[in-house]
Amino acid sequence: MQESQQLWLIPIFPLLGFLLNGTLGKRMPKAFINAAAVGSVVLSFLWVVKVLAALGSLEAPHIERYFTWFAAGTFSVGVDFAVDRLTSVMLLVVTGIGSLIHIYAVGYMAHEDGYYRFFAYLNLFMFFMLVLVLGANFLILFIGWEGVGLCSYLLIGFYFLENFATDAGKKAFIVNRVGDFGFSLAMFLIVIHFGTLDFGTVFGKAAAMTPETSAGVITAICLLLLVGATGKSAQVPLYVWLPDAMAGPTPVSALIHAATMVTAGVYMVARSSSLFNLAPIAMETVAIVGLLTAFFAATMGLAQNDIKKVFAYSTVSQLGYMFVGLGVGAYSAGMFHVVTHAFFKALLFLGAGSVIHACHHEQDMRHMGGLRKKIPLTFWTLCCAWVAIAGIPPFSGFHSKDAILLAAHAHAPWMYWVGVVTAGMTAFYVSRAMFMTFFGEYRGHAHPHESPFVMTLPLIVLAILSLGGGQIHIPDWLAPVLGEEHAAHETSLVVISVVAGALGIALAYFMYVVSPGLPDALANRFKTLHTLIYNKYFVDEVYDVSIVTPIAQGSRDLLWKGVDAGFIDGIVNGAGSLARGIGGGLRYLQAGNIRGYATWVAAGAVFLVVAMTVMGGIR
Amino acid sequence: MPTNFWPSAAELHRFMPEIILTLFGTAIMVLEPLTRAKKMLAWLAALALALAIGFALFAMNFPGTAFSGMIVADGFATFFRVLVCGVGLLTILLSLDYLDRENHQQGEYYALLLFSIVGQCVMASANELIMVFIGIEISSIASYVLAGYLRDDPRNNESAIKYFLLGSFATAFLLYGIAWIYGLTGTTNLSEIRAVLGNANFAQSPALVGLAAALLSVGFAFKVSAAPFQMWAPDVYQGAPAPVTAFMTAGPKAAAFAVFLRVFVTAFEPVSDRWVPLVGVVALATMVVGNLAALRQSNIKRLLAYSSIANAGYVLVAVAAHSEVGTQAVMFYLASYAIMNVGAFAVVSHFARKGERFVAIDDFSGLAERQPAMAALLAIFLLSLIGVPLTAGFFGKFYIFRAALDSHLVWLTVAGLLNSAIAAFYYLRILVVMYMHAPGEAAERLEPLSPTLNATIWAAALATLAFGVFPGPLLDLAGRWVLGR
Amino acid sequence: MSVILFGVFALIAVACAVNLVLQRHPVTSALSLIGVMGSLAVLYLLLGAEFIAAVQVIVYAGAIMVLFLFVIMLLNAGAEEKIPGKSLTAKLLGLPVFLIFLGVVAFLIQKYSSANAPVEFGAFTGGGPREVGRALFTTYLLPFEVTSVLILIAILGAVVLAKKEID
Amino acid sequence: MDLPLPLPIQAVPLSAYLVLSAVLFSLGICGFLFRRNLITIFMSIELMLNAVNLSFVAFSYQMKQVDGQIYSFFVMVVAAAEAAVGLAIILTVFKNRETLEVDDVDRLKL
Amino acid sequence: MLLNAVLFLPLIGFLIALILPTDLVKRFALGFSLLMFVVSLGLIGPVLANPGVYSFETDVEWINSPMIRYHIGIDGLSLWLVILTTFLTPLAVLISWNYIDRRIKEYYAFLILLAFGMIGVFVSLDLFVYYVFWEVGLVPMYFLIGIWGHERRIYAAVKFFLYTMVGSVLMLAAIVYLYLKSGTFDYTVILSQMASGQLKLTPEEALPLFLAFFFAFAIKVPLFPLHTWLPDAHVEAPTAGSVMLASVMLKMGTYGLVRYCLPLFPSAARECAPWIAALAIIGIVYGALVALVQPNMKKLVAYSSVSHLGFVVLGIFSFNQVALDGAVYQMLNHGISTGALFMLVGMMYERRHSLEIADYGGVANPAPNLSIVFLITTLASVGLPTLNNFVGEFLVLQGAAMANFGWAVFAALGVILSACYMLWLYQRVFYGRASEDLAHHMPDLNLREWVAITPLVVLMVWMGVAAQGFLSPVTVSNARTLEQTKVNVDFRVATPRTPAPEVARAD
């Protein structure tokens, strides 16, 4: 029996922070709020470090079982936490980046109403995210899964006075629910076939199944899990919520919608890798979904003017990359990208936040420009992220992206090529954003100023991580859990991808620095294409027309007004009216006339006489 | 031929309730012009009824027939004698105030009431068709007069003339039936008729027996207001003075059921295949007609009249069950119905004020806010009429439908139960008006109940609840005194 | 002889009854009813019911019908007006009901009744006052006494309904 | 009394009396349904009672019992009582409405 | 005995309330209902110790012909429902404190009387007694809706009464039929007769009987398409009426299904299960879709009840432990969360005198605490893990998936839709900018309201996190119920695909 590491403390710290801020925050000074919020996350981070240090190399998962959540018959679900190598990576990323972003938010949110509320939600998010990561069975993971969705909902809708924010929050939650629908069904199938939701047991039993019996079931389970993952990790076709989610405060975008929550899908698939390995069809689907997402999101990112939207599509696209990695069997590469992406994307968002902060909540890049000199620290840190995401060696993004691309090539070369094109586009739009924001002349009306130290400190830390994060050999650490990689290291392929990145940067430089009129000209030249991309392929509109409106209209006119009020109540009230009608008719027989009554008496007599003589045989 | 026709003491005991009532009735008649204290006469009548109840019960010590088998003092007779005397007692208590208000406080009223009850007691105990006929006539003729008691009120006149003409019309059929049964069997004694009909050598045509039974049942069906002979009931009940209506819906109706059961179950048992199914059909028609027509009524007396038709339908269901359990259910139901209906009419009669001005359902608007106690009492009676558990009406229905199911009348049971759900609607309307509407003019200016009336209503309500919680004693009684086959 | 008597008086009875139904004026109807009663009295005699025949003439045709005529006169009732009746039910169902009832009962009597022995005058002589009286005061003592209540009610009822206001 | 008469029927069966009774009874019904004067209607009822009496007496003859006649005696008593009360009621109706038209006595309805 | 005390206290309270002076009634009602609650807590320990059998049994003769016994008892299935009733009654009193301003005495009297009927339903073990309580509960609710409701209250009250009445009369017929077959109304005796084979119902008998019971329960639940009384009743009822109606009264239907329909008519229930499940699923999706487009808050919550209770019915007719446990748990959850929703809506109504969603918007700003509590309740209602509804829904869906995966697929759509309508409601009511008028008339929760709502919120979390504590007695009872559904099953029905085995015929 392993020594208990009190894993429960890891999520409990943020939960306490949430409770403190949630109940008392309103009446407390900011210092208290900061202490509770940041302190709890930092404590949690420290505890993670302590636990991991104590657990050492983690050859076998460390499991702690607390209590039975609920049980029905032989089926029972326990509140169990587990730490293995995969978890350890996620724990560090979540608590580490979480701490940084909390610190950043102290500065960023300083002048917002509902300061305490913000940190309460953020702490709550940390709690759920940690539960998600720590959960030792699917249902505990699902708690976290839903919980982070909730916090995402709350934080996207943080500016609840604005309709677009609350709309976006609602959309995020509901789209995620669609994914959860798949996840739930997957869990049902798992319970039906394995009788439990415990990771270890399920994976063990699945591995023990013969391929003939396992293929169908496990493929179904994996595909349903994938549906869940597409929701949370914003993959095609459920990615639509993520760009809208930028309505939330920027630290939220950084923490939830870039670094941690959206990678939960990747984590979940990686966690279930032993199932996916048994279901090649599901794997292939994962890869294709990822690829589609990566590509299309990148194209959509090309034409966005909102700086956060650009990064949002970038996130979607990068998540697509991760899925490609998962799908082609390179789980550890996918996870690697999760980590590096967490670094540089968090940085990008925080930097963007800093920019926005500087420009007094201006997010449209067309109203920026030339900020390089006004907020240099932000600029330089963002540059670190820029090179990282563009895949410039030897920075972090290069390593992880390369690992994925190589694995993809080993799996199917066409995937590699699509990936390379996407990489080029990625480099292009990030560069475009950088150029539009920091180069040229300032086109806005505010007086940009550098952010305070609490905000720049996290930027610096993340910049360092973005640059050097690639040196952390996460794939090696994860290999025992997620399987070895088989991709050969082909230099030519590496070069091609790097060149694609460089080309993207160059093109962006040419279009936005050298000849700034070109983009508009091109937009006019390829009007249709531009309109399509600019409007994100009208996907939201299509969803609206094909799903939302029919459901709303159908429910109102057909179901409610038609079936409910019309048909069912029609029958009910109709029966009432019929009875009353008959009653009314009967009343008119009762005309008050004695002779009429007597006629009925006589008629009744005739009836009785005939009936009684005939009944029983007329003899 | 027996030579000694002078009745024995036991025979006199078996007929004592009727004798007592007649004597008191006559005494009241005689005293009426001699005294101005008319209410004394009412109390005298009440005393007579109390004594009659006592003697009826006492007669149980001498079970058997009397006067050449003309009447029989058995449990069944006793039950209904007590019931009709009880109804009479309640009616007297209701009438005191009413007649005062209408300036018609006269001894004749109470005398007529007593005589009418004599008729009903005779009906309850009759063992001979001729006694049945005379009993019905005594009861009816007295009722005709009572219905038209306030002779200057056109509603009373109309009620009386309708009741009289149609009643006589139906009685003619009854009589024709008696003639036929006499012609076929040579006797009018119920048990002898049964013996003759049940005799394997019985040579007469069964179809003619059917004819006789049909003609008889016309008369009975009319008295119990079964469809399609029910049409007189709403008009008569609406037009008659409220206490009289209360009386008529409870007393004569119960007696009519008693005699109906006695004649058919005793005499026509051998040809039960001819009439039992028809009773089911008639029961269904009666329930449906009563309930549906009641849905649209706006006059509370008329509504209760339709409700009494519907209730007759339920009772007929139990009759159609054609079993001892069914008879028991009939007895229980009639007793409980009598209590709750008289109670309801008591409130209605008080509420109506002089000249029965406020008898529209809408007049009861907001009664619960102005006179919560009175509204609550009426609500108890109405809930009992709906058949909500813990009221007597519920057990009444319950026993009836149990009996019906016991006899495998599933369709009739289901139809009856659905009917009782429909019925809920119109009773609820009164509750709605009383409890959920703002007080109207009628509720605003309502003087409180007089002590006697108050006591009467409370007693009825408590009885309704008591039989709703502990129906056992009453049911046991009915079971012990049920009409044997 | 009994055939002729029956034929003649049955015919008179039916004719008078039809007349009662057809006549508009209540007095005519009343007189027709007396006719019916009279002829029935003869038929009672034929059937050996002497006492009843006598009572029929004395009480029924005499006393009761006189009461009727008296009331008709008192109320000065004229002929019914020639306006259509208000009851549609009676108009539509009346005749069929009448015909079916009569048809069915007559058919049943003809087809199934065992009472097809010829009626002979004098074959039954148990209907004299002596026999009736004996039955009435022995077997039927109770109903006889109880009818007194009926008479009381009749008196009382008539008084209640017809007497002048007390005030 | 058996005079040889040139009649198609030599003797009247009892059933003829019963049929006559039925005819009169039906005519009574008919009168109730079609006459519109309260008194005439009442007389129709009397006709029905008379018809019933005929049946009673006829059956009495058939049974060779006096009982049937006793019944018809009671019927007469009842008829007398009914007549007293009935006519009194008709009187009150007339006093209030000045009419004997049965169709006008229809205020209580529906 | 304690259970008798719990059962009859409300009746006593009702009578006392009737004779008390009006100005004392409110406080009396609160104190008395708290007393009821405290007394009922005493039931928990003994029942938990032995949840599979009836504790606190009282079995005395009530009426001797037909033999009707006053037989009551409580087991793991009914325990929480009884507690729920007594728990909600004081809260209902609190929530009515200012809301009810006329005919106060009658109001609180009826409110207390309501508990009498409902507790009686949950504890009776004699079919007749059960029916009596079933109907008795109807009357106070009818008055509560009809007297203290909104504009169309009378229509709603009458509809409520008649709908239920139609169903229950058929049930009465079935009860009487069972009595005639078995010679007893005693539920436990009937079951043991069935177990011993002494009482056998032919399929031709069992099916109509089952349907008669089922129809009554389905109306009460309410199951699609018999649900249309519910939105009307809820919309028109006063807050406490809605709370009691949704939280407890609807459970009378589902409780009846579990307690009576399954054990008494196992074959018929299994035979009908696919159809019923289909109706339940239609109800889940349909209720959710219709809730989506409601312009009235209470109506929305009412339709959401239709949807939620569809889960319960689905769970019941999935015939396995997981689903049944989930269903029973979901009954409690729905009682808590929907009760809370109605309370909150009622609080808003007290402030704004409107139930139309369009009349709100931006409530979060003037009343942040209210909106947070509402949010938690909303989240509980949409089945967020760690809040109560999730456990129930998960178990139901899991069990349904075990019975038929297709059921779970369609039913799970309801989970998506619940998020849609609840969050949209939340957004429209609480988010956005409050109008001047609204902001002035929307004070935050006051102390009384806090007291009323906090217990519910605590329970939402408690039941969501420590579900096992609540579930364990339920599981034991349900295991027994499922055991009973295997008695006398015509196996031809239970396993349609396998040819009828000879063994099965032998019993």
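Order as written gives the chain letters A, B, C, D and E; numbering starts at 1 within each chain.
What we mean here is this: a residue touches a chain if its C-beta (ideal position, glycine included) is under 8 Å from a C-beta of that chain, and two chains touch if they have at least 3 such contacts.
Predicted model only: the values in this text are computed from it and were never measured.
Participant: In this assembly, which chains make contact with chain B and also with chain E?
Facilitator: Shared contacts of chain B and chain E: A.
Participant: Would you kindly say which chain has the C-alpha centre located farthest from the C-alpha centre of chain D?
Facilitator: The chain lying farthest from chain D is A.
Participant: What's the farthest chain from chain E if centres are computed as the mean of the Cα atoms?
Facilitator: Farthest from chain E by mean C-alpha position: C.
Participant: Which chain pair is joined by more contacting C-beta pairs, B-D or C-D?
Facilitator: C-D
Participant: Can you identify the chain nearest the overall CA centroid, using each chain's own CA centroid?
Facilitator: Measuring from the global C-alpha mean, the nearest chain centre belongs to E.
Participant: Between chain A and chain B, what distance separates the C-alpha centroids? Give it in angstrom.
Facilitator: 77
Participant: Starting from the mean Cα coordinates of chain C and chain E, work out the distance between those two points in Å.
Facilitator: 70
Participant: Indicate the whole-number Å distance between the mean C-alpha point of chain A and the mean C-alpha point of chain D.
Facilitator: That pair's centroid distance is 97 Å.
Participant: Residues of chain A touching 2+ other chains?
Facilitator: Chain A, residues with two or more chain partners: 576, 587, 589-596, 598-600, 602-603, 605, 609, 613, 619.
Participant: Could you list which residues of chain C touch at least two other chains?
Facilitator: Residues 85-87, 90, 94, 97-98, 101, 105, 108, 112-113, 115, 139-140, 143, 147, 150, 153-154, 157, 161 of chain C each touch two or more of the other chains.
Participant: What parts of chain B, by residue number, touch at least two of the other chains?
Facilitator: Within chain B, the residues that touch at least two other chains are 130, 134, 137, 141, 144-145, 148, 151, 160-162, 165, 169, 183, 205, 207-208, 211, 234-235, 425.
Participant: What chain pairs are in touch here?
Facilitator: The complete list of chain pairs in contact reads A-B, A-C, A-D, A-E, B-C, B-D, B-E, C-D.
Participant: For the complex, which residues does chain B have touching chain A?
Facilitator: Those residues of chain B that touch chain A are 161-162, 165-166, 169-170, 173, 205-208, 210-211, 213-215, 217-218, 221-222, 227-229, 231-232, 234-235, 271, 273-275, 277-278, 281, 289, 291-296, 422, 425.
Participant: What residues of chain C sit close enough to touch chain A in their complex?
Facilitator: Where chain C meets chain A, its residues are 85-90, 93-94, 97-98, 100-101, 104-105, 108, 112.
Participant: Given the complex with chain A, which residues does chain E contribute to the contact?
Facilitator: 159, 162-163, 225, 227-229, 231, 286, 289-290, 292-294, 320-322, 324-326, 329, 362, 364-365, 368, 379, 384-386, 390-391, 394-395, 397-399, 401-402, 405, 408-409, 412-413, 415-416, 419-420, 423-424, 427, 430-433, 465-468, 471-472, 475, 479
Participant: Within the complex, which stretch of chain C touches chain B?
Facilitator: 105, 108, 112-115, 137-143, 146-147, 149-150, 152-154, 156-157, 159-161, 166-167
Participant: Would you tell me which residues of chain C are touching chain D in their complex?
Facilitator: 1-4, 6-7, 10, 13-14, 17-18, 20-21, 23-24, 26, 29-30, 33, 36-37, 40, 43-44, 47-49, 51-52, 55-56, 59-60, 63-64, 67-68, 71-72, 74-75, 77, 80-81, 85-87, 90, 94, 97-98, 101-102, 105-106, 109-110, 113, 115-124, 126-127, 131-132, 135-136, 139-140, 143, 147, 150-151, 153-155, 157-158, 161-162
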